[in-house]
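Both complexes shown next keep chain A, but they swap its partner, so chain B is in the first and chain C is in the second.
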Partner chain A sequence: MSRHVAMHMSDGIVNAPTSLLFGAVAILFVGWAAVRARADLDDRTAPMAGLVTAFVFAVQMINFPILPGASGHLLGGALVAILVGPWVGTLCITIVLVVQSLLFADGGLTALGTNVVNMAVIGVFAGWGVAVALRRFAVRSRGGLLATAFVAAFAGTVLASLGFVAQYALGGAAGATTGTVFALMVGLHALIGIGEGVITAVTVGAVAAVRPDLVHLLRTAPRPAAVTQPAGRGDGSGA
Partner chain B sequence: MSRPSTAGRRRSRFLVAFLLVALVVAGGLSYLASSAPDGLDTVTLHGCEVTETPAGEQLDGTCVAQHATDHPLGSGPLADYTVGGGAGSVGIAGIVGVLVTVLLAGGLFRLLRRRRGPSD
Partner chain C sequence: MGAGHSHPLYLPGTSVVHRLPAQVKIVAAFLTVLCVVATPREAFPAFAGYLLLLVAVWVAARIPPGWLARRALIEAPFVVLAVLLPFTGPDPRIEWAGLSLSHAGLLGAWNILAKGTLGVLTSLTLAATTPMRDLLLGLQRLRAPALVVTIATLMLRYADVIAAEARRMRVARIARGHDPRFLWQAGATARGIGSLFVRSYERGERVHLAMLARGWTGTLPAAGAAAAARVDWARGLAVPVVAAAVAVTALVTT
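Then we have the complex of A and B:
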């Protein structure tokens, strides 16, 4: 029963040197993200970032069926990147993974570095890169925003799954060839990516409908040069 | 700080609604979650036949998951999204998880945030 609710990589799947290497990469990157995130955190966005983190924790619990006998769940990389930016987003997913590992015994302790690199770094930044590339559609219409969120989430999910393939190729335990792991990981995560895309689009769409100023991707969009903007970016409260 | 502005009240209302959605998802919707292995577990279990035994799961065949080790905190009070291993407690575990996460993340982001400077 125990493993059926586990959602992340356990200890022992990759060897100690690989775990150490990715642990070090994770620590360095998360530290860098904490420095860069400060620029995106203020009195308005900090509480939002806290709630987005809790929301990702909650939605990750909801495994949805993808094939008979196989399920998937949200990773959340593109979702957090679009809502709170990639640097804060890396911290959000890292917090979720730490809480899951320490409190819920989901995701191994030595595997924390690999899980952070895959979901909090690759998933977040791949999703953000795609979202930025498509931002001109996202700012144009609601449909464009939903499509951008879907594609960014799909790409982030598949690329995050490739992180595991790389770690397995580097120092994976026996039991399956790297080719088999690659084919299965990408195939399954292409299906999971569809669910990830739908959840991300629905969530981003809901936030944008009521509080577009809390969508980082829209808020940080470059302003068209022809339009003169009043100084400052106040939220209209006059405060 | 003086009385909150209209925008401030609107903001708190949005944040409270967001928290409620997370609590409903973790506390209620979690009972509907699929119990099939997720993408990664499906890959690591590939090649094995899983049978439930009183001693736990038995993996017959050859698969990556045979090399997985037990979680060092696997006997913790909330391990495997249950409260003390109790059946049907996933919703309570989920609510605890949401509250712990929002406090931890909210506190950390509050510490990291920029104070509104005169140039902002």
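Then we have the complex of A and C:
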């Protein structure tokens, strides 16, 4: 079982008008994200975002055990949102999806719009929204940060699957009622979301221990003084 | 992956299809799949028609069918939904080999399988005949935002480096007896991802400084993507035109 299977839409799952509609929505959002990402990274935009995108690409190839015989990999929406912010994050995930579709025949060409909307827009922004809502716990303690990352990744995964359900309801290839698809996708992604949440939390925790200044969620917190306070924590000198 | 010029699905060649400008191929592939997706599911002969059309392209591009078939199997990303549809679909139901299958569900599954497979085959054809650099130039010609193309260029240049780093970390973990089986044992892998991020980010900072030292102004120098000639567009778009004819026939007759 790969988690990848469930979320990456292929051609033919939604009809042509829905594909085109979400393609247009995706183009609008990504164009907007490109403008906003500049503000987050200034002239370093391209090299930094390029490397972070390469990181997302590599992360999706790292398999995690779930149970013996079953493994999955990170989707990374909430993770990049927390680490580099939602705008750069959306760009990174979008580029990974485009490259996978064009170079690796992974995810259909006409499904690119729906995939980008689900994973790069909904997944990233839902994760970011939850993370910002819980930020006051995240800046308070390491436990708060881990819990915030977990909830953000879980919510991002489940809401991204709701995007799939909405697209299916709008222009699905029928054959199953929206209720069935809802139960199937949301149930499956609630499970996947737990894995995504655990891995995201530990990853964010590891980055925060070594370079808390690299965690966008903490860096952009309203009271930056509180960020650098986790006294007594080993600052990862061995890394 | 090769030295940053190729990708695993590229099949070097000099055929007509290989020589078409990438932007033409991207548009042609997208329109072809769009025709496939727009075809009513009951129009079974139409899907055979699309397959024949693809076979004609493979002959022109000299792609061996076995090469495609292997990769299509490996890459097949869908089917979770497709397999379940016949069992979960609405009535009326068909009894077959002791199973009660939904008629609409079967059609839905066929729809996803047929269109998904044709989509994967089309994408594979595009990837097999277009090197990575050309695909990026093609996206640029298709007016993708310059920033997006630049990020994608850098990403593809460093993806191998970061992936190799991830592999080395994995080997290092295994060499130290790491053998996780359950999610709650994934901590070391996740912390590895954390350091992979820090290393990627710091590498990005070094790359940025190195680029500044070499006169980086914020945009890549204009790459020489030639505009596609009208002949090229005519050749490339012949494929979706045939596909559109098939789709229209199918729409009219069903």
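Basically, the second predicted complex is superposed on the first by the 192 of 239 C-alpha atoms of A that agree within 3 Å, B and C clash if a C-alpha of one lies under 4 Å from a C-alpha of the other, contacts with A are read in each partner's own complex, and residues count from 1 in each chain.
In the analysis below, contacts are C-beta pairs under 8 Å (C-beta built on N, C-alpha and C of every residue); 3 or more make two chains touch, one makes a residue touch a chain.
Predicted, not measured: the structure shown is a model, and the values here were computed from it.
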item: Touching partner for A:F57 - first (chain B), second (chain C), both, neither; value: both
item: Contacts of A:A39 with chain B and chain C, given as first, second, both or neither; value: first
item: Contacts of A:L145 with chain B and chain C, given as first, second, both or neither; value: neither
item: Partner chain in contact with A:S161 - chain B first, chain C second, else both or neither; value: first
item: Chain B versus chain C as contact partner of A:H73, first or second or both or neither; value: first
item: Partner chain in contact with A:D11 - chain B first, chain C second, else both or neither; value: both
item: Chain B versus chain C as contact partner of A:G31, first or second or both or neither; value: second
item: Which superposed partner A:V210 touches (first chain B, second chain C, both, neither); value: both
item: Partner chain(s) touched by A:I192 [first = chain B, second = chain C, both, neither]; value: first
item: Intersection of chain A interface sets (partners chain B, chain C); value: 4-6, 8-13, 34, 37-38, 43-55, 57-59, 61-62, 64-66, 91-92, 95-96, 99, 101-106, 108-109, 173-176, 180-181, 184, 188, 210-211, 214, 239
item: Touch list for chain B against partner chain A, complex; value: 5-8, 11, 14-15, 18-19, 21-23, 25-26, 29-30, 32-44, 46-47, 52, 56-57, 62-69, 71-74, 76, 78-81, 90, 93-94, 96-102, 104-110, 112-114, 116, 120
item: Residues of chain A that touch chain C when the two form their complex; value: 4-6, 8-13, 15-16, 19-20, 30-31, 34, 37-38, 43-55, 57-59, 61-62, 64-68, 74, 83, 91-92, 94-96, 98-99, 101-111, 173-177, 180-181, 184, 188, 194-195, 198-199, 202-207, 209-211, 214, 239
item: Footprint of chain A on chain C - complex, ascending; value: 7-9, 26, 29-30, 33-34, 36-38, 41, 71-72, 75, 77-81, 84-85, 88-90, 102, 104-109, 111-116, 118-120, 122-124, 126-127, 132, 135, 139, 145, 147-148, 150-159, 161-163, 165-166, 170, 180-187, 189-198, 200-201, 203-205, 207-208, 211, 216, 218, 220
item: Footprint of chain B on chain A - complex, ascending; value: 1-13, 34, 37-39, 41-55, 57-59, 61-66, 69-73, 88, 91-92, 95-96, 99-106, 108-109, 161, 164, 168, 172-176, 180-181, 184-185, 188-189, 191-192, 210-211, 214, 235-239
